Amino acid sequence: MTTAEDCTRWWETSVSRIAPGEIDLRGYPVQELIGRLSFPDMIWLMVRGELPGPGQARLLEAALVAAVDHGPQAPSIASARMAATCGLGLNSAMANGVNTLGDVHGGAGQQCVQVLEDVVADGRSEAAAELVARYRQERRHVPGFGHRFHPRDPRRDPLLNLVAEARDAGQVKGLHLEAALALEAALSVGRERPVPMNIDGATAVVYAELGIEPELARGMFVLSRSVGILAHAWEEKQSGRRIKGPLPPPLLADYTGPRRSMLP
Amino acid sequence: MTTAEDCTRWWETSVSRIAPGEIDLRGYPVQELIGRLSFPDMIWLMVRGELPGPGQARLLEAALVAAVDHGPQAPSIASARMAATCGLGLNSAMANGVNTLGDVHGGAGQQCVQVLEDVVADGRSEAAAELVARYRQERRHVPGFGHRFHPRDPRRDPLLNLVAEARDAGQVKGLHLEAALALEAALSVGRERPVPMNIDGATAVVYAELGIEPELARGMFVLSRSVGILAHAWEEKQSGRRIKGPLPPPLLADYTGPRRSMLP
Amino acid sequence: MTTAEDCTRWWETSVSRIAPGEIDLRGYPVQELIGRLSFPDMIWLMVRGELPGPGQARLLEAALVAAVDHGPQAPSIASARMAATCGLGLNSAMANGVNTLGDVHGGAGQQCVQVLEDVVADGRSEAAAELVARYRQERRHVPGFGHRFHPRDPRRDPLLNLVAEARDAGQVKGLHLEAALALEAALSVGRERPVPMNIDGATAVVYAELGIEPELARGMFVLSRSVGILAHAWEEKQSGRRIKGPLPPPLLADYTGPRRSMLP
Amino acid sequence: MTTAEDCTRWWETSVSRIAPGEIDLRGYPVQELIGRLSFPDMIWLMVRGELPGPGQARLLEAALVAAVDHGPQAPSIASARMAATCGLGLNSAMANGVNTLGDVHGGAGQQCVQVLEDVVADGRSEAAAELVARYRQERRHVPGFGHRFHPRDPRRDPLLNLVAEARDAGQVKGLHLEAALALEAALSVGRERPVPMNIDGATAVVYAELGIEPELARGMFVLSRSVGILAHAWEEKQSGRRIKGPLPPPLLADYTGPRRSMLP
C-alpha cells in the first residue's frame, strides 16, 4: 500500500532538513552559517555538500566575479531587459535571461571543463596537440579558446594568475591549468594571431582545478551571470520604458517571403 | 532618418562597456576587479553602480547566505527538481525555479522592505503600532512576520544581531531594525504566542538598512535562492530519475468533477 | 494523521481523471473527443469545463487566429528567436516567449475585457463617454484602443464583423460590442484622427461576449501567440544561426556611465 | 559601414510582414485569414509556410486535441499549478509548464517521428523488426511504444483510425502508419502482453504522415499541451490557494544526509 511516507520519501534530499524551528543546510544548522560563511563558501557547501578547503572558495569567487556580464548584446541580458519592459517582475525577467544560457550561450564552459578533464586523464604530454589536430580535422572549434570580438579576453590573465598562485600554495594541483596552456599553445601554432583562452576557457580552468563536474560548471556560470542579468533588468525597470524589442521604432524587421492573397 | 546609432542608443546602458579587448563593469576594467572584489562586492557594484561601504557587503552577504534554501517542498525548489527530471539543462531547471519567486513566494521580503520604509518615513514612535492595528482591521497579514511552520525562524536572530553590530559600528543607521522590532512587539501584543520576524522580515531589515529598494530586494532574494535551486536541481540530475511529478507512482490526483459522455 | 489520500487530495482537480486505460477530460472519455471536437472546442471545454454553444467556438477561433503574430520586433517573438539561437529546445524557446506576455505586452486585452465588463455592468448609455473622460483626466490610456504603429489595425474589422454576425444570429448578446463601439466613438471625439480598436480591443470584444473572464483572456492570447512564437523559433532554428542578440555584430550597445579605476 | 538596414536585415523573417495598417502572415493579409482559416489551418500556415491540403488540417487537429492533458501528476501541469499559487500571471505559469516539455517529458514524440522516418527511409519490410532487435540488444526503449501506466492508451485507436481514413482518401501515404504498426507487432513478439503505441507514438504517426520534422513535432506537442497547462493553471488560480508545493502541509521531505555542526 502506498503511504504518506512514500510521498515524503519520493521527495527526499540530502541538501536540507526542515523541522519546526530548525533548518539544516547540508547538515549544518543555518544559524551557525549566517555571518560565518562567505557567499562563495555557501555556494560550495550547498552544491557540493562539503565546505571548501583553503584557497578554494577564493578561486571559485574569482570565477563567479569574472563572468557576471558581457553587455546587453548578449542574449541572456537582452532577453531579461526586454522582459522587464513587458511588465514582468525581476524574478521572471531573470528566469528568461537564465533560461537562454543553454548549450550555445552557456555551454562552452561546460564543454571546456570536459576537454580539460579528457586531456588530464589522457596524461601524455602530446594529448593537447593531438586533440587540437583532431578538432581541426573535424573542423570543430575547441570550446573555451578564441573570441569573435576580443583579440585577448581581459579576464584571462587575472583568472589564470590566481590559479597559478593557488597551485604554488598547494591548494590545487595545476594539471588542468597546464592542459589549458598546452591547448592554447597548440591552437596558436601556425597562426598569425594567437588563440588565447576566453572567459569560458579561463573559468573552466578554475572549475576543473576545483573538481567541479562539467555540467555543474554551467550551473556556476548561471549563478554568476544572474548578477549581470539582475543589474540590467533593474536598470531597464528603472528607465520606465515599455515594450522594448530588438529594434528601435520605427524600424521594422525585413520581410523576405512572398506576397499572396486568399482573394479570388 | 533612423541610423545604426539609433540601434545602439536604444540598447544603451550604464552597467557595462564592451570594446575589443576591454570589458568595463560600472566603469571599472574587469581585470582590476577579479581577485580584488568579493562576490557580494561585485553584486553590490553591478546592481547599485557603486562599491559598498565598510561593513555593507558583509551584511548583504549574510542575507544572501541566509535565504538559499528551505527544502524541496518550496515550489521554487520542487519546480526545479521536476524540471531536472524532464531532461532540462541546469539553466532551464533554474529558470523554472527562479520564475516561481513571484509576488507570493518571493514578494514578502519586497513588501516588508516597503513597510519598514513607510514606518521609518513616518517617524512617529506610534507608527508601527498603528500600522499593525490597521492591518488587523483590514484582516491583512503584515509581510515578514510569523511563519506557518516555524514558531521562531532560526535565521532571525543571527541576521538581526549582525544588523545591530553594524549599527553599533556606525555602518548603518539602525532605523529599519528599530521599526521591525516595534512591529514585532506590536504584533505580539495580546497574543498567547509571539509573532517573530521570519526570513523575509529579517532579510528585509538588512536590505532596508542598506538602502536597497523594495523591488530590488526581491532580485537579491532571487540571487540567494538560486543557490538552493541549483543544489537541488543538481542533486536530482545526479539521481538519474526520469519525470518526477508531485506524487510518487502509482498515486494519482483525485478527480472531483462529473463523469460524462459524448455518445448517444 | 496525514495519509497518502491527503497527498492525492492536495492535487485534486476537476479538469481530468486518469486511471489505467482511461483518460477523461472534463468528464468525457478522451477517445470520444478525438476526431469529434475541433481544437477550439477542446480549448473551450478544457478551460471552461463545458462544450461551447453554437457559433461560440467559431468566434473563439477567429480571436485565436487573429493574434498569432506581429513580427519579430515584438519582444515575445524576439526573445524566442534569441533563445533558439542559444541552443534551447523549441519548448524552452517558446517558454521564454510566452513568459514575456506580462501585464504590458499581454495585459491590454485582459484590461480591456475588464473595461468592457464595467461599462456593460454600469448599463447607462453615458457610461462609455464618462469612462473616457475619466481616463483622460487621469492621463491614462484606455486599454485596447489606438496603436502606436497602425492608423487602423487590419484585424479590427473582420473580428467585429464576426461578433456582429453572431449577435444577429442570437449566439451572443452584443452588449460588449456596443460598449466597445461607444468607447471608440467617445475616444475619437475632438481628435483629428480616430482612435480605433486595436487587436487587444477587438479580441477583448470577442472574449467578453463569450463570457471569458479578463484574466483568462490573457491565457487565450498566450495560446494564440504561442503559434507565432513557434513559427519564428522554428525559422530561427532552421537558419542555423548561433547566439543572436538584439544588435548585429559588430554593433555594440552604447555605454552611458563613467569610466573609473581601482588602481592607485 | 554598419547601417540601420543591417539591423533590420539581422532580424529579417519570412513569417510575417508588418507595415502601417498592414499585417501579412506568410504573405497573406491577416484580414483575409480571420474567419476563413481554422486555428489548425493557421498553425499549419504559420509554422510550415503553406496552407494545408485536404484532410491534412483535420489530422493535425486530431493530434492537437488528443494530447492536451494527462493530469496534474505530469510535471508540466504540476509546475504550472505550483507557479499559479506563487502569484505568477497565467503567462508565467504557462511558461514554466511549457519549459518542462524537454527531451524526456516532451521528446518521445520527436524521437518517434525520427524512428518512423528511419524505418520508412530504409524501405525494407524487415526494417522494423531489425530496429526493435537492435534497441533490445542496446537495452533501449523504442520511443512511442508502451506506457508505464496504461495497458492500452485510449488515444491510440482513434488517432490511428483517422490516419487510416486519410490514407484511404489519398490524403496521406500511410507509410509511417505501416511502419508504426510493424514496430508495434515486432515489439509484442515473445511477450505476454502487447506493447501498444502510446500518445507519443500515435501522434508521431500523424506528424510523420504530414511531413512534419521530428523537432517540429515537439513544437506541435507544446501547442497542444499548452491547453491543458492553461486549464490547470486557471483552475488553481481560481482556487485562491497560496504556495502549493508537492507535499500537503504538514508533510516534509525526508532528509537523507548527515547531521553536522560548525560549533567547537
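Every chain is named by a letter (A, B, C and D) in the order it is written, and numbering of its residues begins at 1.
Assume a contact is a pair of C-beta atoms (placed from the backbone, for glycine too) under 8 Å apart; a residue touches a chain by one contact, two chains touch by 3 or more.
Keep in mind the model is a prediction, meaning the values are calculated, not measured.
Chemist: By the touch criterion stated at the start, how many steps lie between subunit B and subunit C on the shortest route?
Modeler: 1
Chemist: Looking at chain pairs B-D and A-B, which one is connected by more C-beta pairs in contact?
Modeler: A-B
Chemist: From the mean C-alpha coordinate of subunit B to that of subunit D, what's the distance rounded to whole Å?
Modeler: Computed from C-alpha means, the inter-chain centre distance equals 35 Å.
Chemist: Any idea how many Å lie between the Cα centroids of subunit A and subunit B?
Modeler: That gives a centre separation of 22 Å.
Chemist: By residue number and range, which residues of subunit A touch two or more other chains?
Modeler: Within subunit A, the residues that touch at least two other chains are 2, 4, 6-7, 9, 11, 13-18, 29, 33, 71-73, 78, 88, 92, 95-96, 99-103, 106, 149, 244, 246-247, 250-253.
Chemist: Is the way these chains touch best called a line, a ring, a star, complete, or other?
Modeler: Shape of the chain contacts: complete, all pairs touching.
Chemist: Using the touch definition from the top, list the residues of subunit C that touch subunit D in their complex.
Modeler: 2, 6-7, 9-11, 13-18, 20-23, 25, 29-31, 33-35, 37-40, 42-43, 46-47, 58, 61-62, 64-66, 68-73, 78, 89-92, 94-96, 98-103, 106, 149-155, 157-159, 161-162, 215-216, 218-219, 222-223, 226-228, 230-235, 237, 244, 247-248, 250-251
Chemist: Touching subunit B in the complex: which residues of subunit C?
Modeler: That would be residues 4, 7-9, 11-19, 24, 26-29, 32-33, 36, 49, 88, 92, 95, 99, 246-247, 251-263 of subunit C.
Chemist: Given the complex with subunit A, which residues does subunit C contribute to the contact?
Modeler: Spelled out, the residues of subunit C in touch with subunit A are 1-4, 6-7, 71-76, 78-79, 82-83, 85-88, 92, 95-96, 99-107, 148-149, 242-247, 249-253.
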